[in-house]
Structure formats: C-alpha cells, structure tokens
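Next up is a structure, given as structure tokens.
Chain nomenclature is as follows: A, B, C and D, assigned in order of appearance, with residue numbering initiated at 1 for each chain independently.
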Amino acid sequence: MLNGSSFGRRLVITTFGESHGPGLGVVLDGLPPGLAVDLGAVQAELDRRRPGQSAVTTARREPDRVEVLSGLVDGRTGGTPLALLVRNQDADGAAYQDLADVFRPGHADYPYAAKYGLREARGGGRSSGRETVARVAAGAVARQLLAAWGVTIRAWVSRVGAVAGTRVDPAFIEQNPVRAADPGAAAAMEAAILEARAAGDSVGGQVEIAAEGVPAGLGEPVFGKLDAALAGALMSIGGVKAVEIGDGCALAGLRGSEANDALDEGGFRSNHAGGILGGISTGQPLRVRITVKPTASIALPQATVDVEGRPRTIAVAGRHDPCLCPRIVPVAEAMVALALLDAWLLQRSQRPEGWPAPPPWTGRGPEER
Amino acid sequence: MLNGSSFGRRLVITTFGESHGPGLGVVLDGLPPGLAVDLGAVQAELDRRRPGQSAVTTARREPDRVEVLSGLVDGRTGGTPLALLVRNQDADGAAYQDLADVFRPGHADYPYAAKYGLREARGGGRSSGRETVARVAAGAVARQLLAAWGVTIRAWVSRVGAVAGTRVDPAFIEQNPVRAADPGAAAAMEAAILEARAAGDSVGGQVEIAAEGVPAGLGEPVFGKLDAALAGALMSIGGVKAVEIGDGCALAGLRGSEANDALDEGGFRSNHAGGILGGISTGQPLRVRITVKPTASIALPQATVDVEGRPRTIAVAGRHDPCLCPRIVPVAEAMVALALLDAWLLQRSQRPEGWPAPPPWTGRGPEER
Amino acid sequence: MLNGSSFGRRLVITTFGESHGPGLGVVLDGLPPGLAVDLGAVQAELDRRRPGQSAVTTARREPDRVEVLSGLVDGRTGGTPLALLVRNQDADGAAYQDLADVFRPGHADYPYAAKYGLREARGGGRSSGRETVARVAAGAVARQLLAAWGVTIRAWVSRVGAVAGTRVDPAFIEQNPVRAADPGAAAAMEAAILEARAAGDSVGGQVEIAAEGVPAGLGEPVFGKLDAALAGALMSIGGVKAVEIGDGCALAGLRGSEANDALDEGGFRSNHAGGILGGISTGQPLRVRITVKPTASIALPQATVDVEGRPRTIAVAGRHDPCLCPRIVPVAEAMVALALLDAWLLQRSQRPEGWPAPPPWTGRGPEER
Amino acid sequence: MLNGSSFGRRLVITTFGESHGPGLGVVLDGLPPGLAVDLGAVQAELDRRRPGQSAVTTARREPDRVEVLSGLVDGRTGGTPLALLVRNQDADGAAYQDLADVFRPGHADYPYAAKYGLREARGGGRSSGRETVARVAAGAVARQLLAAWGVTIRAWVSRVGAVAGTRVDPAFIEQNPVRAADPGAAAAMEAAILEARAAGDSVGGQVEIAAEGVPAGLGEPVFGKLDAALAGALMSIGGVKAVEIGDGCALAGLRGSEANDALDEGGFRSNHAGGILGGISTGQPLRVRITVKPTASIALPQATVDVEGRPRTIAVAGRHDPCLCPRIVPVAEAMVALALLDAWLLQRSQRPEGWPAPPPWTGRGPEER
C-alpha cells in the first residue's frame, strides 16, 4: 500500500518478479503465528491459475511449483515473514524480440516507457499477467486462515462477451473450462471464447465473487472502507476495468424504496448492498463483480508505432488466453481473501477485548434464512 | 491509507469530524512549499458541495466557512501540514432522537454498532455524507497545484434513474441544478429527482469524471496502479457502488480488436482504456464513471428493527437530498485531484532527474487531435 | 510514520500547527472505542508541559486549553478520529522581526530554508518546541488507556549539566521545579539552571523514562523493534541528541557475563537490557534515557549569517527555557505512551485469539521481587 | 515501516529469512530506474559482513552469494522491485538441539515465545544477527546511488570494552580485523576481544558512522526527522543499545554557548550537532555513534530457566563473535545509506521543481574548510 508492490495494512504482502525473469515471489508480513500452512492447498491454487489447463487458455507450460524461503516453524507460521517463490521455467523471450521497440496496443508498453524511461520488453516484464502468481500464492495462505475462521470465498465467470450466466451452481464451477457457474450457459461461453480465438481475436467478460461467513464490522471509515479496499484490490488486477458492489451499476436506475435492504427479526430481507453499508460489512454475504477487458494480445494485425513514432503493423504471436476471465477467477478470490483478512486483523486490533459489546440483534442475510 | 481516515502516500490527507459534532477538518501533509493558496477558490468548492443550493438538495443550511489552522507562511504553503476546519452550525440533532435505537435501512447504523459497540446516532456521525466537506476542502487545494501544472478535472451527472445524458457541454454543467452536462437531458433528470422526492422516495444515478492534461507515467505497479488508486478513492465516497474506467462494463461485450486503442504518429486513435494502460496513465484524458445508489433516507415507511431486534416501521424525516449525484460531483472531482497529485509526487520522487529519458513518441488522445 | 507529521502504525496520530499560528492540533486515528476520555487529565498533562510554571521555564504565558473537535460519543471514544485543538494566545511575533533574515545558531532556521525555500521565521514555526503541545495531548489520551490496562509511565530529570541524580523518589518528581527524582540533587540542578540563565546562557541534561506493567511480547521484528520505535519516537523530540535503552552506553564497557540478565524461577535477576531483548518487551520495566542539548536560544552574543551570507552577531531575546529538561518530561512520557499503545494494538491484531499459548514461565523483573 | 520487516517510506525494503532456514532475502521497492547495479560491489559488502573473516569473528562459514530474483533490465534497475536472495549453507542446527526448550540469557528467546507462542529455536530464527545479510545487500544498492549523487558513508569501531580510539584514519579501517580507525588503538582493541574470548566471555563496544556529501534539507518534521529515522534504523540492529547524534550524550554537560555551532561566510564553524538541526540535515557531515552490547552467547555457565520455569545452567556453544562491533560496521553503513536515500527521495517528491529557491548562503562544515 505504501509502495506499488505492497498490499495491505496489517497483513502486508510484497510481491516481486517479471514474466521472463528468474521467478515470481511474495513476502507476507503480519500473519498470525501458529497456522499450519497446507502447502498442497497453496499449490492447488497455483494450479488453478496455471496456464495450459485447457483449450481456452494459453499454451505456455509452467509447473509453477511453490518454494518456501522463510517463515515456517515445523510447518506452522512463526509470526515472521513468510516468503514464497515460484521459478519461471517456460519463459520464451524470443517471441518478444520483434516487439522490443514497438508499443503493443492495449498493453502497458508505452506508459511503462514513459514512466521509467526503460522497460522489460520480454513478456511485459512486471506488467505481465504472470505477476498474479504471487497474488494467488499469498491469497492461498490467507484463505486457509479465513476458512479456519468460517469464511469461504468463491468466484466464477458470469459473462463472456454477449453470453451471460444467470444461475449459480457452486459445484459446477471447477467442472467446466470457463469456470462458469451456470451449467446452462457454460457451453455458449466456451464457444464464444473459441470463436474469438479462431478469428485471431479475444473477448471480454465478467467475474463475480461471493464471500460467506464474513462477520459484521469489517472495514475502516472513511477512506479505508471495505468496499474501497476491495475496489482497489480488484482493480489492481491487470485487465479489470470496472468493480461493482452488490447490485452495482443497476442501482443507478432504482429508487431508495427498492434499493434499501429492510430488516426484521430474522435479519436483512435482501442484499442489494452486497453485504456492505457505509463501507462496513453487515454480516451478509459479500457480492462483488468485476469487468475484464478482452485480452490485449491478438493475432489480428493492429496499427501502432515504434518508440520513435514510426507506424508499424503488428500481430502479437506469443501464447495468450483468448479470454482472461477463467484464469482471473482464482486471482480475484485471492485478492478478496487478502483484503478481508487484512480488514479483520485491523478490526481485532482496535477491539482488543470485544468491548463495548455489539447490539443484541445480529443481521443475517436472506441466504441463511 | 494507513488508517481509515487517511488517504494518499506522499500527499497524505487525514480527515476528522462528524455530522453533528463541532465540525469537520482535514490535515494535508506533503504539499510542496511555495504554493499561494487561493482560499476563495477553496471556499467556492465548498459552496458547490454545500447543502441548500436548490430544490433538488437538502434544506440543511450550512455556511461551511473554511478556517486555516496551520500551514501557511504569508499565504503560501510552507511545506508543513496545512490544516483546514469547517464548523458545523445548522446541526439539528433533535430529528434523530427517535432513531437513536433503530437501524435505518441502507445506512451504516447497524454495521457501525457491530463494529464499535457504540455509535453516534445523530446524523450518522462519521458515516454521514457531511464528512465529504473535508474531502472537498483538501481537493480544492490539490487541484490548484494540478491546475498550475496543466491538469483540469471536471465531473458531471450523466444519469439519474432512467434518464441518461449523451452529450457533454462543459459550460452547461454548473448552469443547471442537476449538474448535468447534456442540456437535452437536464430537465428530465431534474424532473426525475423532484418526482422521487414528491413520492417520499429517492433515486440513483451516475457521475462521470474527466481529467485532462495528465502526463503519461503516473501510477505504481502492481497494487498501486492509478486505476486501483482511483477506484479506492471513489468507492470510498458514501453511496458509490461501482467504479468504471474508460468504457468500463461495456468492455465485457467487446473483442480485443474493438477494445484496443491503436496508435499512430499523431497519438492514440481512440480512448476505450480511459487514459490508463497496465495501471499507468497514457497521457490521454482520464475517463471514470461512478454509480451512486439512491439516497438511503426516504420518507416512505420502511421495515426495520431496533437494537434489540424488535420490529419497527420508520419514516426518515430529517433533511436529505432525494438524489446524491449533484452534490457528489465536487466530491468526486476532489478525490480524483487528490489521487492524481499523490501519484504525481510519487512519480517525481522516483524519477529525480527525469533520467533515463522517455521515448521520443508521445501519445496524445484523440481529443487533442 | 508515512509523512513527517504522523506517528504510529495502528494508532496513528497526525499533528499540525506552528508556534505563532492559530494553534496546535492532533488527530488520533485507531483508538479503541468505548474509552471514557478524562479531559481533565488531558488538560492536566498540558498544564505540566505549559510554559510559565516556574523560574526555570520561559515566561511565555499560554493557557493551553484543549478543545475537542471530533471523536467522542457521550464522552467516550467512538472508534473514529479524535481531534484535539489548542489555540495559541500569547504568541508574540514582534520579538522575531529582527530575526526574519538571520539563521539562529543551534536552530532549524537554515535547514528549513534549505529544505523548503521559505520558512516561518516567527518562533521557528513548525520547528518550535511548541509543537509538543500536540504530542502531550495525544499522549495523555493514550496513557489513559494504558493505565486501564495496567501500565504506568513516569519520567524525571536525572541530570542537569554536571549535576547527576542517583536516587529515584517518584513522589518527589512533581514537587520540585526541575522535575528531579533525587531529592538530594534537585537543589543543585535548579542552581545550575538559574546560574546558566543568569549568565545569559543555557544548559543541557538528561531525562529518564520508566514504564511498568508492560506485557512481554510487544515490538515487531526486524525494523519495528520496540526499542527502534522508542528511539525514533524520542529522538523526534526537538533537542534530543541521544537515546539509550537499559544500561545504554555503559554496555560498551561490559562483558557478556556482566551484561546478560540471568533468569530463575522468580523471573529475571537483573535488568541491564531495560526490559527489551531482541527488540521485544520482556515484561520487565522499560528503562530509557535521553540526552537533551542545551537550549539553542541564548542571550549571549553569537556569530551567524543572514540569508545572503553576511556576518551578523545576534543575541536571542524572546522567552526561552534555560534548560529544556523539566518541560521535556511530560513530552517524553507522551511519546513512550504513544509508542507502547501502538505496539500493543499491533500485537493484539496478530494474536487474535492469544493462540498458540505463550510459555508457562513468565519473566518478571527484579523490581517486582 | 508499516510492518516489522519493512523499512523506509519511499524506498521501501522488505526482508525475510531466518538463521537456519533456506536463506535470507530482501525486496527493494521504489528505486529510481536506470541505475546500473554493480553486483560485484554488492557481493563485496556481503563479504565484509560475512562470518569467518578473522580470529575475532565466528567460525561459521557462509559464502553468502547474492542472487538476483527480479528487478533488473539489462543490468539496470527497471523501477520495479529488486529482489535479492542469499542462501544459507553452513547452518548447523544440531548445536541448538539442547537449547530448544531453554531461554538463553541476553537473547530474544523468551520474548519471542511470549510474543508468538512458538519460536524457531535453531540459531534464533528471525532474531539472529544473520538477518543483517538482507540489510547489507539492500544497503549496498542504496549506497551505489548515493555515491553517484556524491554521498559517501563510512563506519568504524571507535571503542572495544575499555579501549577507545581517538584518531580517524579512513584508510586504516579495512586493514585491521577490528575495523578500528585509530592505528594506535587497534591492537589493544583486538587484544581485548581475544582476551574476552579466551575467558569464554564477550565484550561490548561502540561504532561511529560518518556520511559526507549529504545535502541540506533532508528529513521530515515532526516525527520523520532525519535523526529520528537514523535512530530507529540503527537501534533496529540487534545488539545496539544507544544512538547518539553529533556530540550525543556529552551535550548534557555543555552550555548553549559551547554547544551551538556558529555560522560565518565560510559555513558552520563547528559540528557539535552532527549535521542535523531541528531534524533536518544542514549539509555538514553526519556524525552518529552507536553502542553495541557484549555478545549474548558466551561459553561461561549462566543461570536460566526452561520453558516450564525449571532452573538450568547453560554454556552456549555454537559459533559466535566475541565482539559484535567489527561485523556491525557494514550493517550500520547499510542502514544509514537506506535512511538517507529514503529521505532524499521523499525530499525530491516534495520539491518537484526545486522551487522556491533556497537561500544564497550554503552552510558547509568545518571539515571542508
């Protein structure tokens, strides 16, 4: 939060690494001690994010094995920094040689050059989607602790191009290559992706994230609101261009009498707010949606310029996902996990004894009724 | 950024105050020295945000006079903290006596009680929209420095309920009570607001923000991306439920060949990205849109519970805006100004000599062509 | 901690104000909710720091009345920022007119001018010792919470010029104008101060601070060690030029067999370490000593230059303490209180359930035996 | 600065690793781009800190080879995080098996157990002096940039036990195993160390650090003063128990007329202040001194307890330096380099154009006259 490669306030993660350098890593500082880290589960999350899983993702093959550099005492967190490293293995810089002096449309090439005066052309360097390896590794640890505290986080692809899902079948998500939650829409989504690829093109989409079991009271007024933290966390993922909380953009068209969530003895009667009011969690499930732009790298010819401003036409070969959404699913879950755990640790520090006591009434969402 | 009431990394603002307490204030630390602060311009921004300006806003009357508590040397910033205070004068706590033990739907009442175990019932305390006084005062100073460096920031209401504007006439914005930019839609927007109020209800909407003159290279990879900073800054405004960058949600339906902004000798040919690629500014105009939920306080009867969980039906009297959008316009401008100036100061610290030199080609947006 | 005028990580205070401006203030963010703030006790601490208390302090007369601008709900902290303001009243800028273009030896005049290009010449502006008003007000709140948790903090003057105290009689400290803890040395210390004043000169000294009841386990490895936090906190007080923990400088002359504190069933047998090992509190009393340089403002003529580098001889009239130590006592206590409470809140956030359990043996200092 | 394992505000370093884990590492975020990093010079600094260099240091043999994990583009900093890793090779955990349930006197064993509920007994884990590998690697990069900007940093051992040096011969420092600067005292210092070792004991000492070429204006009022930053940075090194700026503790015995540094056309006439006034650098050489306690690990029998509180007598075998000072020299230089570069980058961010102009007179120290 202080500098660009750190995130969080009490649980601070710092990431490093480039697409075609030695590897990607993350340091987690502030983790409570005594957590038995399930490295298999961390690896499983990395495997979910890994390239080359199906026909709808890039062909780059990375084993993405996680190595622990520090922080464990007999398999448990010791309270000191947990450092994780994933080596790059299938980096193929050759594909980028022709692009070294060209600004790829839709990529960070030009702004990085303007910012730093020099840039790592191979694979986008630090701006590559490959940096999310470090996010997923860190998030995999955070969600283990959250799980122990009763929180589950789940994301799925709710839209690809013009195809939108409507149902949410949690068990179905990991059973289809698109990571759609709607069995009735998954095939059409997959077709939309393959169609775009066949055309040398790419396609955008949306991902929804839900978190259940989040206690009421997380988030810091005024600037540290939970929705502000989530928005920053999710918008920081490459390709994300919009973040909506609860009903999001649809709230523009509603009246207050429609949008307010009424309360009764049993809890909240609805959850238009997405589990956050005034920036503080209500105890209802969190609901967040992100919009992901179409992959910038496409095989179709595109007009651009080189560093001298001379016109060039390029077709980006390389190995790219025709739709970013399926692989952003575990990344989005990771960022939500990190933001939630950070908010929770902050809240615990300010309510050391849980005193004064919260009100007797406890809001619960309609989902639990 | 560290704690909830601070924002920024190099230009850090810290705000304080409640709706019905002594006043609202802000401390700005990190401002460059030597800036002749135009206090009249700060007051003018506060006046834009001020309640009681027209029939579409609340009837609360606050002069909102700004007082300087520290930081000026002969009218110029001295490099040390600039502290500004605005006293509350028309606070009417009596209206809230009946609500002291009730959770108002759509408000932060319940989550604040759950978070802190106690809360300021009068006017929502710290969760009141009145806290934005401090944001606007701080932003008014930031934009003076940005203006000196060639950056202008402008926001307007682009939608109210079902009424969307399409044109942007900058000169028109401050000439209509809705702060619409489309002369052809302003009357319908105003009617929608008055209609909601007449029905004892409220209505949502959208606000767009544009910033011109932003240099390329602002924003910090990975978590400190400019769009992540903007998303967090804007989502932290009470009532905001979605943030979109550039084409935002619409990008979900596009293909890469449609969404990528091509480059040629003259600059970028389009600006779907909204002036940000890979989280770093491109030099094109920034384009951001926020969705604002309908005002939570409505006169219509609503079902809720008191702190013991007993059912209650309430009608929120008080004095409230039937649509938050017109008054959020200056608040959104302020947050964008603060986020931009902060990013700029950070960038300058890392490029102390402007070396190594950026590429010869300089992207410029289609707006400048 | 982020910017110069903020201190702390979880309990963050932000101060503002200059010697001859409207006033001094502080915003405390992160205080636990529900603390009934004793404003009389805050005022009492300000009175201890206040000028004009005796013959050994400056003649400036400031009532230093504290005003609460935000953060209390029915007299209790609400969890949101507590803002405190103290107005300046006896500011006499006229005394500084002759000094506006001169760099006073021993003062921050030249480095401020070099840093900012302009400076507030009246009373040193932000570099004045008067900024400590804000520290004392904040510390007074922090120590109320610490007291409720069993921690007491006490400081005293242990040396003035060549006169060193050896005994510590806590009850005596506030009964003599020097705030010496040794009844046998107080008169000689007072004489040393008055003698320096009579000579138009000033004199240095030392202050010791002790904190009892601090639990074991506070402080964050590696850079956030408790002694590092205390050193930064205390060195940030104007005039402080050295910080020693436990036996401090004397440890240079010892062997390990002399310096190590042995342990037995009853606890630590000694406390050479000053209650901190490896940067983490041991549960023993904290012992810290600071060295305070002689007041820079003296009536004797001094050689200096003006802003153009022209030689000048000045005698600093104004109203100044001939020895800073007596009035630094409450400031040092305040900084230790703020550093301890911050460390404690951090620790609680990382050990949310107090699990895993600490070892059965609990070290206690020889003072408790 | 946020969490315990990070240091800095604009140049933020985050370290990780334990004495007997896989290795030690550091991530530097905020480095200006374009710096050609001399990895040989980084290795040379690590070699200076390395164990096993002479008879006065521990016998542990670590090659301490630095590996770059990220951040370089063709050998230059790219503006993104530079990550460095040093693998542990000669870790001998067996020596610690007998100590797993005992609290070693003078070590962090007990407070770590109290803090985290569990601890890494092998070699002290994170509390080991071996964590300074990461500091030295980071500092070696920082000082390359500082050197390019004209700043040199040098430290030396000024005292061992009762033997104090008085002269400073820079060329001599690296030519004697003690790193004394006084050729007339080095032999006696070495004898004091060997004598302590022969007695199964250890000995304390002092290290002085000087930095030349530091521009005036670095440091942030009020809490971010340069001396506060240096005090925190140096006190965070294990074993350091006191930090003095300029004349330090000796100032307690002086009068203002003796302690103030007079100014004339040629600059400051003396440097009692150690190059810092009001917390801001004056342009004179920085002078700082630290006191280092005797090594806690000694072969002599010591009384202590195990985790259950049962009395134990232990003699710490292992491989330890009988005096920490010689090897703290490069560590102290590293911390001063990191603190200075961080302050410099902060200052540049707030004075983006160097406007308003500083005063015509430029203070220079007597050393330059």
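By our rule, a residue touches a chain if its C-beta (ideal position, glycine included) is under 8 Å from a C-beta of that chain, and two chains touch if they have at least 3 such contacts.
Here the structure is a predicted model, which is why all the values come from computation and not from measurement.
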Labels of chains that are neighbours to chain C and to chain D: A, B
Per Cα centroids, the chain farthest from chain C: A
Which of B-C and A-B has more C-beta pairs touching across its chains: A-B
Whole-Å gap between the CA centroids of chain B and chain D: 45
Approximate Å spacing (C-alpha centroids) for the pair chain B, chain C: 39
Geometric centre distance via CA averages, chain B-chain A, whole Å: 25
Two or more partner chains touched - positions in chain C: 1-6, 9-10, 15, 30, 33-34, 79-80, 115-118, 126, 221, 351, 355-356
In the complex with chain A, residue positions of chain C that touch it: 2, 10, 30-34, 79-80, 221, 344-346, 348-352, 355-356
Complex contact set, residues of chain C against chain B: 1-6, 9-10, 12, 14-18, 21-25, 27, 29-30, 33-34, 67-73, 76, 78-83, 85, 115-120, 125-126
Of all residues in chain D, those that touch chain C in their complex: 1-7, 9, 15, 103, 105-108, 110-118, 124, 126-127, 131, 159, 161-162, 196, 199, 201-206, 215-225, 227-236, 238, 241-249, 251-265, 269, 273-274, 276-283, 291-298, 300, 302-311, 347, 351, 354-363
